[in-house]
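For clarity, chains are labelled A, B and C in written order, and residue numbers in each chain start from 1.
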């Protein structure tokens, strides 16, 4: 009698299906098999797009140019040249120096901003984050172009200052210099610094800061003893995310760097373009990667050690 | 409302405003000078004109390049979003070994200089004898868009309780129907965000395109070509202004939808 | 012929046969076998990590079995995916679809039944009446309170008339008062619909209140399956005894004199005569016995009847309807817990100073002999 208070089930439970092929059975029973299957197209593309090309790049870097073709005997000659000929080392060093300065500048400039949004913005936080990261998603080429317009010999700054009567002749150092490249890189990659910094600051439990204050720390001491150490993962991530891609940049130096601001990326691009020495270009790419990996490792070890000492 | 820690700080406020101005002003010079009636990009401004835009309208190569970029962008955004959904789902919903390593692998293009990808793919394709075309550009874009698609979609999948999908299975729906009746509506904002974002990235992308373009240029490649001619500056400015406007709008909507959706979940 | 097999399957409506489940090196379920009867309210009780939720999820089909087989209504379940199993689940988080309103949530599982829209609406209205939320059909999921979500989750599962309803700590997220009210409603609902309920909880009181039978689990194993009274009064092991309520444990030795007389010589309690039917172990065997705190009576002077010993009061805590005392007795290191109902407004012992001597008395029937592990 109580049974009637519920509507009757029409189909009394579908009968269990007979297991189909072994593959289907594996997929049904094994979660990880399903997981890998769903990941496989992405992994396949990434393998074809990253792993295989790198392998080929490695092989070609061991060849040498011969006229318009390649001498396919394997040799380390290109690596030798990249080490002994000063132009390569000099450009590599300059790339790291320019990227390093740009990275430090970006992280330092973005930290207060991320801090402001994480701790002092209470309404429309999302709006702020979008505003700060929006330019990053738009054309890199056009943003660099915008700086060319601004820093140019007859650009916005020079012509503006001149028409305001502040200077008589255009300031030459603005365009075609490492300074121009650093300014542009710092501006262009700001969003890459802000996001990780913001995330790491936002994650900090506010009661930790209150505890530090309660235990006698003033704002400065609190920042250096609690906030900064806890946001270090964000600082490290931001540094990596800017330093690594910018070392290989060639658009910015090509448009704004001039001869003094050229970076290793321009040289690599030349090997694949005008110079037409693909093996040398491949070698330089690989050397660049190795240097980046080595620097990243050192950076990671140092920050870990420093952090261990602070906390 | 504001606690001791969060009490207002005037200096920081001022810094934030200046920061935003410096972030945006350089980009705003492009539309400003695109309406300037002079082929020189310098102050003082010479007067208002829309003739550079009118000139663009009649240029055949501009339309071709635009169409090429749209084609590549559409295909790349759809493929990378579909693959991103599958990858994000398997990362968050199945117990698979080496998950961390796989995610790192997928995110690798974010931290490797684009030029290295470009030349590596160029070398591979030329060894395989594949002629450069819009397809090769698309492949390059796919590789840099996939991490962004996965990164956009992952939080959506992480943000909702897996037992909601289990409830659907428990109530009699198989995997396919569960996806369409539960998963898809719930990750919809992420999918929209991913589509818009990856389209914009592909549409604006230059580094990969530089190495992988054949005879059909994408719009950024066309612009790069025009930059060599100072007299083309005004028309490039007009084109750049249009592209920036469209990109800003698309990305703004993408971010808004994506983050709004995430906030609603919480 | 058919009749007898159906009779048998009513007792073994859900039959769990030698089931094990491991996640890598971790053994979540360790060789569990038990039967659940048709129409009973069955609870899986245990601390977190004991495997109760894993077992429930295996019944639902969300976890596969590493070894063994589960039968529901005589059907083996290993190859049946969750969406084909005749069971439905109320999730711990309720898993109400946030993008659907209450009506669509409840009707979610009806898609495959090809019902007319009118029939479907009628079924949903019936369910809303059943869970006492009539008129809530158009509410969005985020407009519901915890208790309402819990009812929707129930309705959404019950509308499919499952053979078994699985409930994963469905009352855990509710505050105390609402939880007690929902316990009563859940029990009444189960009686009304007559569906087999398998209920997971870590709350022993909840399990005792609700269940026909309870399986106590620990470390992936089922320690004991019994009725609430059976578990409380005759726990088999020390683990079960201490998980359900409080228990004083005493080590002892069997003393036998021929076959007629048997007794246990227990630390601190002296010699306790036992019936030979209960005490089957040979003379001199070590045993472990248990005595619930409320089985003791306290008195300032030696009682006239029964077994009694003297103890010194260590602490007394007043807990409203009863008071809890700890007394140290000679011959036992740990103090003995005694729970005494406050039948009078104030009992003198509550104000008794520490160290005061009190008499504890008990009857031999209150003794539980535990399996030595």
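Assume a contact is a pair of C-beta atoms (placed from the backbone, for glycine too) under 8 Å apart; a residue touches a chain by one contact, two chains touch by 3 or more.
In this text, all values refer to a predicted model and were calculated from it rather than measured experimentally.
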Pair of chains joined by more contacts [C-beta pairs], A-B or B-C: A-B
Which chain's centre, taken as the mean of its Cα atoms, is farthest from the centre of chain A? C
Between chain B and chain C, centroid-to-centroid distance (C-alpha), Å: 55
Please work out the Cα centroid separation of chain A and chain B, and write it as a whole number of Å. 15
If you look at chain B, which of its residues touch at least two other chains? 95
Overlap residues in chain C, where contacts from two or more other chains coincide: 81, 84, 112, 160
Junction residues of chain A - those touching two or more other chains: none
For the complex, give me every residue of chain C touching chain B. 23, 60-62, 81-84, 87-89, 91-93, 95-99, 108-109, 111-112, 153, 156-157, 160
Quick check on the complex: what are the chain A residues that touch chain B? 31-32, 34-39, 41-43, 45-46, 49-50, 52-54, 56-57, 60, 109, 112-113, 115-117, 119-120, 122, 126, 129-135, 137-143, 145-147, 149-150, 152, 154-156, 158-160, 162-163, 187, 190, 206, 209-210, 213, 240-241, 244-251, 255, 265, 268-269, 272, 278, 281-282, 285, 288-289, 292
Applying the document's contact rule, which stretches of chain B touch chain A when the two form their complex? 1-6, 8-9, 12-13, 15-16, 19-20, 22-24, 26-27, 29-30, 33, 40-44, 83-84, 86-87, 89-91, 93-97, 102, 105-106, 108-117, 119-124, 127, 139-140, 142-143, 146, 150, 197, 200-201, 203-204, 206-207, 210-211, 220, 223-224, 227, 236-237, 240, 243-244, 247-248, 251-252, 255-256, 259-260, 263
Per the touch rule, the chain B residues reaching chain C in their complex are 95, 160-161, 163-164, 166-174, 177-178, 181-182, 185-186, 265
